[in-house]
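Dropping the structure in here first, questions after.
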C-alpha cells in the first residue's frame, strides 16, 4: 500500500490528495465489517481518549462518532457547549487548550464558525477532526458519501454526480465537491440562483458544472445528492417560501427518469420530507440514505483509528488490528 | 426451565403471558446479585451497543438503564431529544431508522406519545424496549415492582394489591395492573373519580376492583402502591388542588391500620412528599421505595440481556454468564 | 508510608490534616504518569460505578472527573440536573438516595448550595466527593493546585502564596487557604475590600495576611493565584464595574516585578482574560494554568481510587496497581 495517511488532523477535504482520500476509504471499508459482527468491538484504541466537543446541537453525527470511538475501545467523552455561553475566538482556544491538557488522543469538533477546527489545530497539540464548521467543510460526511458511492457503483472516477439544493450554505456540498472532483467525478450543482457559491468557479475546469434547473443537473446522473435545507444557517431569504423551494428544487419521482437508469439517491439527513425530497424517493429502492449512516460509523472509525494513534502501534503487529485473533494476541502481550 | 423469553421487543406487559413475566423476573433475580459485588460487571454484552433514546427528560430511568447496560459490559449511548425539535410521526421513524443504521443491539425508548415504541418496533430492525410511552405502558417499572413484591412477600399470586392515585394518566398503573392480574393478585384501585380509566372494565373479572375511597382500596391490602401525581401529563384539572388531593388521596399513617399487618408500601418515584405520600411512610419501615430502585437495575439488566443478544451466545457455555469464573473462561476462549 | 487516607468522603480540605493531604498528593503524583502513556488506563476500578451528579453546569470539572474515572476503568455515569427542577433539601436527598440504591461506588457532587455534599454524606451510604458546593469548598481544586506547586517548587512548606480576587465568593480560595496554611505556606489575600471573608480571621495566626492592595499581597510571593470573577455567584454589586476591577485587582505584567524572581502564576479557570488576568501573563512562561488542568485529572484519579474501593483490593497485590505488568497479573488472576 504505497499511500498512507500521515496527517495529524482531518480538517477538510480540500487539502487532501486523491491518494489520501482513497486510503481513508480503504481503511473505512475494513472497519465496516466490525459493525456487522455480534461483538462489535476491536481493541485498537483501548486506553485512548476521544473528546467529542460539539458547539452546535447534533444527534446523528455525535452519536456516530461516539459509537465509532467505543467500537474501537476508546474512552469517549461528550461535551456539548452552547455557543452562546462561550465568547468567540480566544475563549474557544482556552476551552480547547484546557481539554488538551487532559491528554486526549483526539478532539472531534463541531462549531458554527467556519475555520474553528483549523484554529484549534494551529494552536494546539491534539489531533483535531472537523465534524462540521459553519458553512465550510464536513469532511467525514463527504467520505461516508464516497464510501457509499464506491460500495454501490464500484468506483467514483468517471461518474456523473448531481448535487441539488442550498449549495451556498452547505458544508456537505463543499466537502463533496472537493472530494468528487479530486477522485474524477464530474459534478453538476443546481439550486436557487443565489445559492451557488462563486468560489467554485475555479473548479469548473475540474469537472464542475453549475446549472440553473434541477432537471439539467440530473440529466444522465449516476448519483443524485440532495442537500438538506439548512433553515438555521440562512440569515436572509434566498427563496420565497419552502413551498416554492419544493416545487422548483425538491426531488420528485419524475425527475428520476432523466437520471441514469441505475442512478442512486443520497441525502445527508435529517430530511425535510416533502420539501427537498419526496417521501417516495427517500423510501424507494434507489435511496441509499440509511447506507450512508451505516458507512458513517465505518468512516469515523477509520479516521479516529488513523489519527488517535491506533495505526502507529498496531500496524506492525497486525496490519490494522481488525482480525479477532489479533485481539487475543494483544491480550497475551500485555 | 420450560418457559423462555423469545420475544424480540419489550413493548408492554399487556401482551406477555404469566410464564414470560416469570422468566423475566427469574432472570432479573439472578442479575440482582451482580450489583452487590465489588466488581459489578459481567461480560455478557461486551461489544454490544445499547442506545437510550429519551424524548422526555428522565434522570432515574435513563440512569438505571445506563448502569444496567454498563454492568453487562455493553457500550451505552445516551440520546436526549426534546420532543419540540422533532416533528411527529414520520420523523420519529426517521430518527429511529437512522440510529438503527448504526447497528445498535437494542434501543431503549421513552416518548410522550403512547404507541411510539410500538411504531418503532413495527417499522425497524432493532429490539425495542419501552421505557415509558405517554400514559400507555412502562413495563420495566411493573417488572421491578413485581420483583420487589416477590422479594418481600415470596409470591405475587393471591396477594391483595391497592394502587392509589392518578390511574388514568399513569403508565405505571397500567403496566402494573396487567402484570399483577396476570400473576394472580387481586388489585384495587382508588383515585379521584375522573381518574379511573374505563378501559379496565374488562379486567374486573380478573380481579380488578375500582374503589372511590382510598380507605376501601387499602382494606386488607398486602401491598400499597402509591402513584406519582404526574402534573406534567394533565391537560385538564382533574382535582381542585394539590392540597385537596393530599387530603383525599394522599397516603397517611392512619391508613396503614386498614392494610394487612405486614403490608408493604411502594412508590415509583420521584415522590411528591406530603402530597401523594406522607414522609413518615416514605421513610418508614414498610417502605420499599429504595428496594424498587435497586431492583430496577436488575430488571433492566435482565431485559437488555435477553433482548440484546446476550442470551443467544452465552446460554450454552455458561447458563446466563453470571458466574465469575464464566468471565475467565470467555477471556480464554476469545 | 505511615499516613494513609481512611476517610469515606472528600467533603472539604478544612477537616483534613497535613498527613492526609500529603497522602492524597503522593497518590496523585503516582497517577500523573498514566495520562502520559499511550494506553492511558489502569484496571484499578474495573467494575466500579462512579456517578457525576452536577446540579450546576460544568464542562471542565465534570470532564476531568469523567476522564479520571474512565482511566481507572470505572463506569462513569453523568447526571446533569438544573437546580430549578429540584426543590431544595429533602428532594436533593431523595435524588441522592435513589442513585445510591443503584449501588454506585462513589458519587461526585457539585451543587450551588454550600453544604449539599455534607448533607448527602451524612444521610447516605455511598462515598461522596465534593466537586464544589456554593461558596464553600472545592477540595480537588485545592489539591490540584498544591500538586502543581509541589511539582514546580518542590515543596509547599515555607512558600509565600498570594491569592488575588473575589475571595468572599470563592470556594477555590477557601479550600486553598485551608490547604496551604495546613502545609506551612504563608498566604496573603487581596481583593476588593468587601470581598475578604471575616471568617478567616481565625487563620491569621496560621499565616494568613489580608492586604488591601494587590501589590502588597504579591510582594515577594513565590506563587500567585488569581481567582475567577464569579459573576454568576454575586447577588450584589461588590465593585463598580469589571473595568474598575481590572484596573485595581487584575494581574498585570508590572505586578510580577514585585514577586519572587521565579514566581509562578495560577488560575483555576475558566479565565476572564483582560479582567482578572492579563493575556500576556496567562500565556507567559510563568503561567502553570494548563499544568493545573493536567494535574486535575491525576488528583481526581487519586481521590476516586482511594474512595471508590480501588485501594482496598489492590494495595496488597500491587501497591497501587499502576505498573503495567500489574495489569497483566490481574488478568491472569481473575
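Order of writing sets the labels: A, B and C. Residues in every chain begin at 1.
What we mean here is this: a residue touches a chain if its C-beta (ideal position, glycine included) is under 8 Å from a C-beta of that chain, and two chains touch if they have at least 3 such contacts.
Remember, predicted model here, so these are calculated numbers, not experimental data.
Contact topology of the protein chains: fully connected, every pair of chains touching. Subunit A and subunit C touch with mostly distinct residues; of the residue numbers seen at this interface, under half occur in both copies. Rounded to whole angstrom, the centroid-to-centroid distance between subunit A and subunit C, based on C-alpha atoms, equals 39 Å. Residue positions of subunit A with contacts to 2 or more other chains are 331.
Of all residues in subunit A, only 35-41, 57, 59-60, 63-64, 66-67, 70-71, 269-271, 273, 279, 290-291, 293-294, 296-297, 324, 327-328, 331 touch subunit B in the complex they form. Residue ranges on subunit B touching subunit A, taken from their complex, read 46-49, 51, 75, 77, 79, 81, 85, 90-91, 94-95, 97-105, 309, 313, 331, 334.
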